[in-house]
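Take a look at the structures below.
Shared between the two complexes below is chain A, which has chain B as its partner in the first and chain C in the second.
So, the complex of A and B:
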C-alpha cells in the first residue's frame, strides 16, 4: 500500500514575477494521479511571460507602440493607389527588410521581469524577478511588453492563445513525469513532453479543465514534439535540465505550427491535481516571427498596436542567444507562463492500467 | 392551402371519431377483462398449479419507452416520437406497475395526438434531397399507388393489414380493415393525395386505445376446463412487453396465429428465440432502469461549486455504466445476480474516469477495479452514490433507504412531518462527518426509529462523496465506514457488498419485481405461490437472470388467469364471455 500512496507536502512557493503560489495540501493526502511512479499533466493555459504594472508606465515609460493604422497614416498622408499604399505596406509584414522602417519602437525599460536565468549568469541587462532572483533572461518581454496586443487582459493575443490551447487538439501538450518517488522532493525524475490526441474535459462550471482525465500520446504525427529531459523536485517544485523543445502551436482555424525553443527548461510547482509555472528557453526568432505574421491579421494587429515590420527589427535587435555562422543571434530569451492539470497519459499499444483510487487504498 | 384545410378537417373528424370511442373501449376492455378473469373459478389440477396458479388480467397503458420501441420497430428508429406521455406513478416498486392504474388526461391526449400526427407525417414523408432526408414512404408503404393523387384501395388495404397487425398486435378483422381503407379513401379523395389518406389512418391507429392500452383478453382454457387463459395474441404481447419492452414482432404474431404459444414445447421455442434476440438487452435495460429508479437521473443536479467533476456527461454516463454492467454481467456472461453487488468488472468512459480517478481511453471500454479497490459492486458506482445523495453532500440515509426499498423490497417509513433537520442542514461545525451529524440527529427519538433502519448500511458508503468520488476524510476527520445490515456487521464497503450479496431478500426482491414487471401490475397475495416457487427455482438455477426470465415466460401461470382477491363477488354480477377485443378479432 505504501508504495502506492505518495505523501505530499507542498510548501508555498512563489516563483518569478508571476506570483505563483502553489496549493498547500495536507501531508497525508494521497495523490491519485501518481500511479506506478508516474504522473502526467496536460497544458491548459500558456501565455508569454510579461510583467505588467496597471498603467504600464513603469515598464513602458515612453508609452506603447503604434500599430498599422498610425504608421499607414504617417506613411501615406495623401493616400494613393491601392498597390502603392495598402498592398505595399501589407507586403512589408512578409518582407520586412525590403524597405527601411524608421518608426520608433518602444522596448520594455523596467527592471522587473518574469522568467528563468537561462544562461546561468547575472548580466547588466537581465531582469530581476518579483521575488528578487537576479539574472532573469527574457528579452522577448523586452520586445513585446510595450505592445498592447500582448498585454493582458485587453490584448487579444493572450485571450486567443488560451483558447487555442484548450480547443485545438494539435496544441495538446502533455508532460509526463516518470520515476517519481515523491512530488515533494525527488532528486532525479524523468520528464517527457508529448503531444496528445484527445480533447480536454471542462468541469461542471464550464470554466475549468478537470484534472483526472485521460489523453493518448500521438505517436503518429506527434513524434517531433517528443522531448526528454532530466529533472528534480525540491519542495514541490520541478526544475529540469535544458533541452531543445519543439512546442506545438496551432492558430486560427486550426492551422498547425510550432515554436522552437533552444535550451528550454521547466520550473513548475506540482500538486497531485495541477502543475503551474514557467517554461523558458531561447525562441528561434524566425519561427517566432512566422508564427506571428501567419496568424495575426491586420485588424488584430491594428487593435493591438502591433506593427509587424517594426517588431521584426526589434526581434532581431534584441535576440540574445545562439549566434549563427555570421555571428548574429538567432534566438531570443523567452518564457511561457503555463498552467497544467493532472491527466492520465495513455501510451499507444498499452492496456488501460488497472489502477484504483489511490486515496481509497489508504483506507483499506 | 385549401387542401391543407381539408386535410386538417379530415384528420379532426377521423381522430375525433376514434377518441369518442376511446374511453368507451377502454372502459369496456377493463370491465370485460375483469369479467373474463372471474368467469369461472380456477380449477386446481396439480400441486404445481396449486402453488403457481396464474395472474389477473389487466389493462395497462404503454410506457413511454414501450411506445417508442414499438414505433421504432414498425416505422424505424429514426422516427421522432417526442414525449407524449405523462410520467407514471411508481407503484409497488415499479413505474411499469403504475401503468396498470393510470388515467389519460385531456392534456396528455392532446400530446398523444400531436405525436401521432407527427409520426404519421414522418411515415409518409417523401424525403428531400436538399435536406438529406430519406423517402420513408418508399419503404414503409409496401406498394405504390396507381395514381399518387387519388385513392388506391388495393394499396391501402395492403398497408392497413401490415401496419395494423403490428400496431394492434393481432390481425385486424376484415370489417376493421375495410373501415380503415374507407377512411384512407376519404382522405385521399378529399386531399387528392393517396399518402395523405394513409397518414390519417396511421394517426388514428396510433391514438386508438387498443393500441395505446395493453389489454389482457382471455378465453376459456381447453387444457384446464373451467379456467380462463390469455388468448394467444395477449400472450404474445405479454411476452414481448416483458422481454423486449416493445410490441410483438412479426414472427411472434405468426407464432400466436399458429397456436405455437399454447404448447409447452412451442412456447419454450418462442421464448428461447426471444431470449436469444439482441432485443433482450432492450428489455433488460428497461426493467433494471425501472427497478433502480433511474428516471430520477432526469432531475439529478449537483452543485457545480462543490462537485465540479459532476458534469452533464458524467450523469449521463453514470446511468449508462450501470446498465452496461448489468447487461454484461447478467446477459453476456450469464453470471449470478448476487455477484452484481460484489463484482469489480464494469465499463469506463472518460467522463466517469475523472470521478473514479483512473485512466481510460476514449469511448466505452471494459474496466476492472483491482481486488483491493473499494469499488465493489453496483452500490459503489457513481449512479447509486450520486443519485442517492444531496446536491452538495452525501446522504447515508438516502443511500440506506434506496438499498432497502429498491434492492431488498423493504419499506422505510417516511419521516414525521415535524422532524427537525437543522442538525443536518445547519450543523455544528465540530461535527465533521456525516456519522457524527447523524448521531446527533438520532438523539431525537422521533428520528431515531427510521434512521436505525437506513443509516447503518448507508454510512458504509461514506467513503464516497455526493458525486461518488472516493474520500478518506470529511472535513479533515477520518471516515468510519463500518456498519451493519440486518444483523451482519462489517467494517467497510467491501463488507456491505458481501452482506448484500448474501442477503436472502436480494434475490427474492428481484423475483418479485421481475414477476410484477412480467405480468403488468403490482403483486397481490394471489401471487404468493408463484413467488415462492420462483424463489426456489431461481436459486436452483444459480440466480441466473435469463433463467428467471425463461421460468416466468414459459410457466403456465404466465398465461393462466385467476381472479383478483376481493373482486369475486362484484365480478359474479358482471357478464362473462369473450372480451371486446377478442370478439373483434376472432
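So, the complex of A and C:
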C-alpha cells in the first residue's frame, strides 16, 4: 500500500513540476535509473570539506603553514650529513614524537565551516554552515584548512586526489539505494556502499561523465568496502543512519589505500541522474596520517607547505571523537564533498575464489 | 614438469661450473649449503632471438628476466639509461660512460626536496660507481658486431656498448643467471636512475611483447594487453565458438605472418588465421579494462600465458587477497615486503643490499632505532629446515643488529628475494592487509618498503 501511494504521489510531483501529461506514470517510468525499486550512483568527485575565502585571510589570519623545505632550511642552515639531515627528517615523518617540533602550526580560526552535526550537539567550537546551521563538526578542516596542499583548486593534494576518484578504478565507489519507492520522499530505504570494477562512461569528449553507465561490483578484492546503512529520503534529500565505513581512496598512483570513518553518514540531494552532497564522519587519525605518509612523499608535500611531523601533532591535538582506552581521542570529525552520477550496478559473480584457496596455491 | 626442468638445470649447472668459479668471491656471505649453484630455469624457458654478438658474449637464461646477454664468465650485462630526475639528468648519454672510479662524497640533489651537498654515509667504505658496476672493457682489437659497438671512455679505455649504451656487470651478481642488479625489484615513477638488464629480444612474432612480472615472463599483445589460452582448446585447434568469441577475441595472424619456433598459425575459419603458442590458441579478453590484466584468468579454464614461469615461492609462503589484488604472504598470511633503496649521489648507487649502509633502512623502519625496526618490520624468518629453492628465493643469514650478512651459522636465517631479506609489517593485522606498502621516500620507490604484489587489478602490476 505504501508503495502505491508513494509512487502516485511522486508521479504527481513530477508531472506537476513539468506541467505535462495527464496520465499517472509509475516511479520507474518517471525516473529511468530507478528500476525494481533500486537506483545506483557512482562517485565522480570527492574533496575534503574546506570552507575557503579567496585569500584565506578570514579562516587563516596567521597565514598558511610552512613545509619541508622551509623547515629543513631552518633546522640545517649549514647542511650536514645525509644521516643527520635528510634521514632525520624522513624518520620524523614516521616517528614524529621522537623529537620536539618547535615550528608554529596554523589552525583554521574562522567560524564558518562545511559539514554535518555529527554529535547532535551545538558546542562552542563547532562551526556554522554557510546556510546558518549550527553545530557543524569538522575539526579536520581546522587541521588542514591552512595548509595549501589541501586547498582547492590549486593544492596538489586536493586537485589530484579528486582527479584520481575518476581515473583510478580502485576508487570506484558505488552507492546503491534499494527498497526505494520514491526519490522525493521515502521514510525507509536501504543504502549499500560497494567498490566497482569498471571505468566511468563519458561523453564523446571524454571530459564529462554521463549517467546511465554500468559498473560491476568488486566482490573479491573490494569486499572490505561493502557497508550497509539505513536511510530515508525527505524532499529529495537522502540522509542515513551512522555506520562505520572503509572508504577506498588511493590518493597517489600505485598506492592502494583507504580512509576509515566511524559513525559516517550521508546527506545527499538526489535526482534520477545524479546525487550530490556530503558524507561526514569521524576519520580514524592513525589511518589518515599513515595513508598520507605512505602516499605523499616529503617532496610532494613540499609543493603545498605540508610538514608531516607538524601535521601529526595537529591531528592528535584536534581529534575530537572516539576516545581510546587511555582517554585520548582516536578520530577527528570530518566531511567529504561528494558528487555522483546515476549508474546501473551489476551484481555478477558474487561467489568468487580467493587467492588463499588451495586451488590458487596449487596453480603456481 | 618441474622435475624435468630441474634435471636440465643441473646439467647446465655442471657444464657451467668453471664459469661459476671464475666469479669474484661473493661480497654477501652465504653459506655454501644455503645457496644453489645456478639459476633454476624451467624446461619451458623463454626463447631468445638469434642476435649477432661478439665471441666474448653469450646468452644466459635467467629466472626472472628471461634471456640476457652475459660476458664470458656468465655475468649479466647491464646498461645505465640516461634518466631525467626531479632536479637534473644522470645516467649514460648514448655512446658515453659517466660511471667512474671516483668515490662520490656528497649528494647531487637530483631528487627533492633535499638540497645537494649532503655528506653521504660511511665514506670510508663507500664504493665508486665502477666498483659496483664494473665496466665491460673491450680488447684493443675488438670489432663491432651487430648492435654491439666499442666506445672510448674519457680515460681512453675501450668499453663495449649495446644499442649505443655502455655495458657493465653488477657486483651484486654472484653466479651466471643472476640479475640482482636489475630494476625488477626497483621502484616506479620517482625511483632511482636504475640500471637495466641487457635483455636478448624475446623470440616472439611481431604483434607480441613479453614483460617481467612476479609470476613470470608474461605474454602481451603489442598494446600491452594480456594474452590468454583455454583448457578446452586442442593443439592448434580452437573450440571457442561464436558465443565464446564475444568475450575471447582470437589473436589473428596477418596474411604475411609465418610460424616460427614455438609459434604456429592455424586457420580457425576460412581465411581467418589465429596464432598459437606451444600449440595453444591465443586470445585477448574483451572485458580487460587494464593492461597486463590477470582478470581473464578468473574465468574457469582460462589462463594468462607466460613464456617462462617465475621460480616457485618458498613452500611456507601463501597468497592472499588484498584490496588491490593478490599479495605474497608468509605462513601466517602477513604480507611480504621488499626494501628498495638508491642514494641521491650522481651515481645513483643502490643502498638496499646487506653490504650497503643500513642507515637509510633504519630511518624508515624504526626512526634510526634497530630494536624498533625489528619490531615494526621483522625479517621473515625461515623455517628450520628451509632451503633456498632458486637464485631468486634464498635463505640468507643476517645479523639482526647490524643488518649485514652474518658469518655462516651465527646469524638469523631469513628469506631473501634476489639476495636481499624480505619483511612483514607490524600494522598488518589480517591476511591481505597492505598497511606498510609505500612506506618510505617517494612511496618506497627510493628508500622504503613495497608489498610483494602478485596480481594488481588496479595499478598495472608489479
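By definition in this document, the second predicted complex is superposed on the first by the 318 of 364 C-alpha atoms of A that agree within 3 Å, B and C clash if a C-alpha of one lies under 4 Å from a C-alpha of the other, contacts with A are read in each partner's own complex, and residues count from 1 in each chain.
What we mean here is this: contacts are C-beta pairs under 8 Å (C-beta built on N, C-alpha and C of every residue); 3 or more make two chains touch, one makes a residue touch a chain.
All of these numbers come straight from a predicted model, not from anything done at the bench.
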For this session: Scan A:33 for contacts with chain B and chain C and give back first, second, both or neither.
Result: first
Exercise. In the superposed arrangement, does A:100 touch chain B (first), chain C (second), both or neither?
Worked result: neither
For this session: For A:213, select first, second, both or neither according to whether it touches chain B, chain C, the two together, or no partner.
Result: first
Exercise. With the two structures laid over each other on chain A, which partner does A:205 touch: chain B (first), chain C (second), both, or neither?
Worked result: first
Problem set entry | Dominant toucher of chain A (residue count), chain B or chain C | C
Exercise. Which of the two partners, first being chain B and second being chain C, lies in contact with A:82: first, second, both, or neither?
Worked result: second
For this session: Using the superposition described at the top, list the residues of chain A that contact chain B and also contact chain C.
Result: 198, 352-356, 360-361, 364
Problem set entry | For the chain C and chain A complex, residues of the former touching the latter | 86, 107, 111-115, 117-121, 188-190, 215, 289-290, 298, 312-313, 318-327, 333, 343-344, 359-360, 363-364, 366-368, 372, 427, 431, 434-444, 447, 454-455, 457-460
Problem set entry | Parts of chain A lying in touch with chain C, wherever the complex brings them together | 68-69, 72, 79-83, 85-92, 94-95, 98, 168-170, 197-199, 220-222, 224-225, 248, 250, 252-256, 258, 290, 293-295, 297-299, 302, 352-356, 360-361, 364
Problem set entry | chain A residues within the chain B interface of the complex | 26, 30, 32-33, 35, 198, 201-205, 208, 210-214, 216, 344-346, 352-364
Exercise. Within the complex, which stretch of chain B touches chain A?
Worked result: 302, 304-305, 307-313, 348, 350-351, 353-362, 365, 367-370, 372-375, 463, 470-472, 476, 479, 481, 492, 494
